[in-house]
Each structure stands twice: as structure tokens, then as C-alpha cells.
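Let me begin by presenting the structure, written as C-alpha cells, before commenting on it.
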């Protein structure tokens, strides 16, 4: 395993997200960094992974960057195109191993808020109206495990979120089970500074590893509660050279990796799609025919 | 008590123009729902509703983009029951934010669900059942602020369940890959909630990228997700989802969308956009001409390179 | 309109069933005589009729006799192949105009039994175990109107059926509505002797017409309650010559019309299918292109 | 309380023989459900279960024919939860009748539903919900004799609803048009309850008329009604529904069926049939050889003349 020496924080996060996925997992995928993580996993250690997208598409094999949860990339070479209700019912049935969820606020039990920042105002007329749950509540309720992705700021990591959009462990201990939620709850919070995991008993988040160059003091300063730290604190594993290379292939214009949407011209975009078709179809063929996945 | 609603209009030819269909089946104050999820959005339909000057409408939606944010900004909709409203990768729903945070252009009423439970609400309406149970929503704050989400103890197992009420919009607007004149609808690609929205509504307007013969429908009957008896009107509207993608038809015009979202950051920007792209353009054909058929053709052509379908 | 002079009882029943179907109706069709009735309607006055079959097929245009509710004839040239639950949900939604139901016993409120003849024994160990509801209960519950088909015998037309498999008007008056049933209930009972309809107020069955050659006394003798008779009693309309001709084309071996299954050899059967393919496809083409149905 | 059951077996190649699949996934005393409705019956599977000598099973079914009547007659099943059991146009379910009326070969326990509500029970299991509501069954005698059918007043509208409990069989046996080695299933023609039976069961065995490549599945992804994550085993079993029809594959062999039904009128007739067609034949291949490949070929060929599908 050759670790990359030259990589960005975004590329580290993509690799970290990818590592939460096992080969064969059914993964409820969104877009952005988690989506890239899923794409990366698919082209490295998890060739048999199945991506489920909210629009109702299952098992796509897209030769391009996924630009939305109902992008054509989601149906590209899919094994099944179905309805939203059916896809989410399959998740409620327990068929989805991993779900990736984000939010604007998180608390120590992994409850997420992506609905409203109330901030001394009201739910009806809040300080900031966020987009809302979308499928996040459902993923957090029913996926076998969820991976939360959120950047660290003291106003984001708070004792009690303004609104629980996506349930984590609620008040900790067995509160989640008592509420009747079928899914396993959060397995990790991947942040821009560290990875947190959850105590199996109290269900409180603790720091499991800090990213290269980040101190535990910095992490603690960005959390508004007294954050627990693993006695066996690790350094987050950096991405491998292969992971970085593939990540850049997946997002050649840096739309997610470098916020590159604003400067994307139509011609560059069409060119990106056409190149990507050729480059990624080759990458898939190589992986699928020479790699560990059975091609049947 | 709810009795089974009347069947839809029966005719061997339900084709008409979008304006005719809207004028015939949509009234001020109606509740409405649109198909699509990210891609396949009902964009042409959103512009047409705004152009026709509808007011006081209620929107039932899962995760509407244009059909949520623009209808709120244009003052068409003043009540929404949704799971989410924004433009995903392209940007935030500034009109939605302005309405909730600052009552611009007007105060709106919001009832929140999740994507799955909105899907269940449409399914419930499609099945003519007053509610469906689910394991979503439990433990979260959605029921805290939405009294229509009820909880019950299962009479069989004792487990906790959340209940969501049926959504039965006055009108459904469903955009599909292909349909025949009778209203038999087929999609290549995902279905989102279209199959249930089209069934749950009292009146259903179908638009399609391509009108096909009934024989063509019969050749692939397993693809039909909405049969003619659910449908009142059929309109052929190619590129109806632009700038969004439509599966097996055209790619996402995300550079266009990014530009549009930039304009929407301010209220003036949004109103200018409407003036230019909705009112001055005069029709969806006008909008498409303004986008440019060469650009649309490129979006279609690039999509073809990714296509495997044998259908 | 030229009435047939030479026709069998079965052919009369087929024509009578066909007349209950209007053009454009969505009809929940079974097999046998009612199925032939639907097929006849489709090829005469109701070219835009849509047949729904329990297996999940909608709008078939079969060039052969339908030999089961999941026969290939049900998917042949269908407009939609879907699932059983979806088809029945569409019925519960109110999309199906007519449903045809049969049974072994019926009472004066149109309640049908196709489950058990108890006859002084028990439900658990009855005199005769019948096949059960199948979809009949659902059709009777939710179709906008149902047409019941049952042959007359005093032990079949009884005051109270042993078991209500398919609800008619229950105890009459508004009992059906109070039970919460969404469908409209029975519109007619087509028997081998007469047609009964239902009083709009009491919901009790009365004789509306007797078949040619049948007396009202004979009808009354075959019913174990005091059967009401319309003051305006009609003679059942005989089949037209065209109806009889088409009916015979639909069932050339008389499988339903003459109980012709028992003597059907494999070779005759294959030959029947092949002929029927040619004859019926021509009949459909003639109807659809020259008749009142739009072909689009 | 019911927690989400474990996912199915994960493998890129789930193919095996029918005997292997049954031995691996089916135990005496299990509950089982089969796909099919009239046509597409699981006949090969019924013979195999009988041949392997299973006992004490519970059958969940909508309207089983062979899989109901024959399994009862052979003593495999002693408890059924169904809507109907017979052979439709071909004949009555004499084994079912003998079991209920005369306890031959043994007493069986019967819980009755309707086709729709059995469909809802499978849907309910597929959705991991403990029950679903319906407007069927109300006012009838099905709830009178089946205490598992409950009634409730809708907490939203006050209307009366019947409730049916989820069906979650230990094993589902689903026969489809085509599948790949991973278990992605597609049907040409109706789906019956297959999509929900396959999801609701703890273990799911898929058999297909034709094994195809995953690329072939991807070319028509809208036809996939059961994705691989619902499936544990895949077996190619052509003509598995004989004498029944299978859509787009072969016609109904009703003359054969009529002969078979004639034999089933008596207990000896049925047992002789089993000896000859199930045990002496030794396998489904043996059965098909006995039927005659020329006859099977004719059933296939005549079906082709009726086929429009472009897929």
C-alpha cells in the first residue's frame, strides 16, 4: 500500500468515506464527497458494491460524475430502475447496509439537523431555513449503519441540535431502540478534522482518529460539549496514491473536490462528460474483468 | 368518510397543449403535485403555472426544486407539504428561504415530512387508504412540529409506528419518457413517485418527452407504470426538464443551472429571471429557443454516448 | 339489429354479460362465460374497454381464448403488466368500473358464498369445501359495480348464505356503506333463467327479465325466499346474430360454451391456438381500424 | 418486536441446482410462499419439495394451484394461509377438499384471506411493516372465521378499515423470466405477487426460465422487479411451470392438465400420479422427458406466434 504524499483534505475525506464501505454492501448514496467516496470504493476494494439512489435507481455503473440523486448517472447501467417508495421500503426492510447523511448541526449522540437553525427564533420563522430532511430522516431511521459527514465548527457540534431531522442515538443508551427505529444508527462521524465513533454502551461520540496535521486540542475546541477521546487515539489513515488518482479521475473538473462548478463552461462540461465516458468505462472494465468482481 | 373518487376522463385521444390542459384541469387554490426527483423535474410545467398566474395553491412534493422554490417565489404557492426544497448541487432554495425567514413574497405554511413518508402519502392516496404506517420519523422532531404525523402501537406486535395521512392532490403533473394518446405512460429510468402521484390525484396531466403509438406501448407492456385509466390529459413536451437531465434523453445542463442559481440569490435577480425566461419567452418553446436548440441537441447527443438500453 | 334464431343458453348468457359493459369501461374479468362476455363486448360495442386480470395484466388484446386469470392471453398485447397488489389497489382506488363475480350460493341482498357449504356441519369441517375467495371478495368490495353470475337452484338462492365471501348489500338498505365498503355493490345477477336487479332503496334483488322460454313461476320455484318481481317484467334480450357468431369464434372448441375441455386433444388444441391467432387478429383489426375505436 | 431481518446472501454467483437450493435453504416446518397466479405456477418446485420429503410446512399463498393442492395431498403442508386453492379451468382442488372435509391425508389448518389482502400481507412483509390496512374484507365473513383480520377506525377520517398482518415466510420460491447469477430478476409479463414474496421472505430462491448476463439485465433495468440483494440462490429451470403457461415462453398445456385433474379425483389417482410423475421421474428433467420435448417445443413455438414484445 503506497500512501499518497500529495493530497487535499477533500481527497482524504473521500478516501475515508470509501473505507466505511465493504465489498458487497448496498449503499444509500448521495452526491458530493460521500458520493465520490462510494464511487472510489466501487473502483477499488468494493467492486460488488451496489449504489442506491433516492430517485429509485439501484446498482448504477456510471462512467461520469453523479451530479444529483436523480442524475442520469444514477440510471446509467443500473441493475434496477424503480420507484422512490420501493427503494425506501427496501431500506426499511433492512436491505441497505450503509447510508451516508449530512447536516448543519450534530450532537454528541449523532442526531443531525438539516431543517432549521432556530437560534432564539421559532421553527416557523427561524434564523436559517435549511432544505429539510429529504431522504435523510429515512436513511438515519432504517439503514443498517449510517456514516455522518459534517465539517467541524463549534456552532455545528452542539449539545442539543435545534431540530432532530435525522435520528442518531437520540438521548443515548437504548433510546433509539425504544423509539422503534429499525436501523443500527450512526457508526461514524467523518469531519474535516477527525473521525468520531460511538461508545457501544452510552452511544456517545468519541474521537477515534485525528486527520494528519490536526491536534486533538483543535478538535476539542470546535465542539461545544466536553468531547470524549479514545484512549487509543489514532492518526486517520491517509489516502493511497491509487485512491487519490482515481478520485481525481472521478471528478476531473473538481466540482466537488475544489468547488469547481462556478467556473464550468458549457463546452468544458460537455468535454468533461465525453472524456469521462472513455476514461471511466476503461477503468471499470479493467476493475471488473481483471479485478476481484465476477463478471457474469 | 372518503369514498372512492371518480375515475379519470375516458377518451382514446387525450392530447392537447400544456396551456389547454392547465386551463381545463387546474384552478386557483388547488393542491398540486409533480413527478421527478433531482432529474426529470417538471420545469416547463412550473414556468407555465407561473405564466398563467395561478394563486393560492398548495404543493404536495417529495423534494421539489423549481416546482417548489420558483412557485413560492412567484407567489403561486402559499402552502407546501414537502420533505425538502432546494436545487441540490446547483444551489440553495433562496425563494423558499426568503419566504420562510422573511415572508417574501408572502408568508408560507410548511408541513414537513421525509422523502419516504411523502412517497408513502402518495402511495396511500393511490391505494385509496387514509394513511400508511412507517418506521421513519420515529424519535425525530418531524412529528414535534407536524401534528398530522401520528403514532400508534401496532395491534399485532405492540411495536411503535408512525402514521402519515394520504396525499390526494387535486391535480398531478407527471412528466414521462413516452406516452400514447390514451395516456399509457412508460419511463426509461427511475420512476420517482410518479406512479403514485398520478394515481392519487383527482386529475392527472401527463406530459411526455415523446408521444408514441399504442402499439409501441403494447410491445413493452412491462414498462407501463401508469395506465390510461389514471390519466386525463396528454401533452408532448420535449426537453420539459431543462436544465435538469432526463434519463435516456438529455444530460443535466448544470452550467446553465449554476448561472440561474446565481441570479436567484437576490429577489431582483429572481424576478428578472422570470421576466426574461418565463414571461418574455412567452412559452416553453420560447424558452427552448432562448436556451438554443444547438445546446439542447448537444445535451441529447452526449447522453446517447452513455446509453445501453435495448428498448 | 338482427337477433339470432339459433343460439344456446350459454351464448345468451355471454351476450347478456357483454351488455353490462359500456365502451371505455375498465372491467375486472375472470374466465368462462363472463370472460367470453367481456371478449364479446370488446369486439362489438365496447372496443375501448380495458380488461384487468388478477395476475396483474391490464388491457390485453388476446387473439385466443383466455384459459386462466394468469394465462398468456392476459398479457398478450397488454398495455400494462404489473403486480397483483397494484392491480387490486387500482380497483380499491375506484378505477375499475365493472367486476364479474360468481359463487355457489347467493342471497337476496347479493351476498355470495364461494368458500364453504357448511350444511349443519362447521366452517372448519364443512360439507363441501369450495376454492375460496380468490379475488372475489376484493372485486365485490371495491368495483364500482359488480355483475354476479350464478345458475339457479333452490339450494343456491337462499335466505342467508352459509358464509359471505363476497359482500353484496349485506343486510340491505345502507348496510354496505356503513360497513365501509367503497365499491357500488351488485348491479345485476345474471342467472341461467333470468336477470335480477336490485331495489335502489331496500337493496333487495328482484326479477327484471326472464330468459326466452322461461316462466316467472319457474324462476320463483328456484329461489328459497319470496322473490320480488318487477311490475315491468321484461323478456331478456336474445343475442344478436353477430354476437353469436363472434362468441363462437372466441371459443371455437366450446371449452366454456359446451364443456369441451374433456375431449380436447393436444393436437386439436395447438391447431385451435394457431387458427385463433389468425381469425381473431383479423377480427380485431377490422374492429379497431374500421370501427369506433381510435387506433393511435 | 420485529427488527429488520438480516440481508440476503451476498455473492456474485448464486447459481446452484434446485435440489441444492432446497436442501440449503428449506427446513421441515418452515413457512413457504410461491410466485405465480394461474400461469407461471411453481410446478417444478412443488414436485421437488414432495420428492425431498418435506413435512410440517406452512404455505402462505394467494391462489396456489399445484403448490397448494399437491403439497396438501402429499402431506408436505399442514397449515395454509391462502385466498383460494383449486386448478381454475382445469379442475377443483380435490386434495384440498379431501383434507378439509375428510382429513385425508391429514387434518389441515386453514386461515383465509382474499387475493388482494394476501398481496397486501406480502407487501407489508416486504416493507417491514407489521400490518397494512385495506377496504376489502369489511362486512364479509372472512374476519368472522379469521381472528388475525382486525378492524380499526382510521385516526384521521374515522372510517372503518380492515387490517391484515404481514406475511414473512421463512422461504420464498420465485420463478421468473430471466435472472443473472447475482439474482437480478426480470419478468416479461405479469408479476403476480413475486416482487413482494421475494422481499418479504427470510430466504429467497429464484428460478428462471433463462439465465442471462448482468449486462443483459443492465440493458433493461426498468424490467428488474427483484434486485440481487433480495435473493439467496439462482437456478435455471426451463419449463418450470408446465403444464401451466409462462408468458412469452410457452402456452398452457391444458389438455395435459385436464388429464392430470381427472387422475386427482380420487386419492389413489393422485398417489399414482405422484409415483409416476414425481418419484419415478426422479427429477424435473425426468418429468420433462416424460412429457416429451417435442410437445414442450410445440408449446413454445405456438406461443411465439402471439408475441409482440420487442425485448
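By written order: A, B, C and D. Residues from 1 in each chain.
Following the convention adopted for this analysis, a residue touches a chain if its C-beta (ideal position, glycine included) is under 8 Å from a C-beta of that chain, and two chains touch if they have at least 3 such contacts.
Please read all numbers here as calculations on a predicted model, not as lab measurements.
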| item | value |
| --- | --- |
| Minimal step count in the chain contact network, chain A to chain C | 2 |
| Contact-richer chain pair (by C-beta pairs counted) among C-D and B-C | C-D |
| Most distant chain from chain C, judged by the mean position of its C-alpha atoms | A |
| Averaged-CA centre spacing for the pair chain B and chain A, given as whole angstrom | 27 |
| Whole-Å gap separating chain B and chain D, where each centre is the average of the chain's CA atoms | 37 |
| Averaged-CA centre spacing for the pair chain C and chain B, given as whole angstrom | 40 |
| Sites on chain B at which at least two other chains make contact | 1, 128-129, 134-135, 159, 161, 187-189, 218, 221-222, 225, 308 |
| For chain A, residues that touch 2 or more chains besides their own | 57, 75, 77, 81-82, 89, 92, 142, 180, 182 |
| Chain pairs that touch, as defined at the top of this document | A-B, A-D, B-C, B-D, C-D |
| Touch list for chain B against partner chain A, complex | 36-40, 62-63, 82-86, 88-90, 92-93, 96-97, 100-101, 103, 110, 112-117, 119-120, 122-123, 134-142, 144-145, 159-161, 187-196, 225, 244-248, 251-256, 258, 295, 298, 302-303, 305-306, 308 |
| Of all residues in chain D, those that touch chain B in their complex | 1-2, 128-135, 150, 152, 154-159, 161, 163, 165-166, 187-189, 215, 218-223, 308-311 |
| Residue ranges of chain C touching chain B (in the complex, touch as defined) | 24, 26, 48, 50, 57-59, 61, 75, 77-82, 89-90, 92-95, 97, 142, 144, 180, 182-183, 293-296 |
| Chain A partner contacts - residues on chain D that touch it in the complex | 1, 3-8, 10, 12-13, 126-129, 180-182, 184, 199, 213-214, 217-218, 221-222, 224-225, 227-230 |
| Chain D contact footprint on chain C (complex, rising order) | 31-32, 53-57, 62-64, 67-72, 74-77, 81-85, 88-89, 91-92, 115, 123-129, 131-138, 140-142, 163-167, 170, 175-176, 179-182, 255, 261-262, 264-266, 269-270, 273-274, 277 |
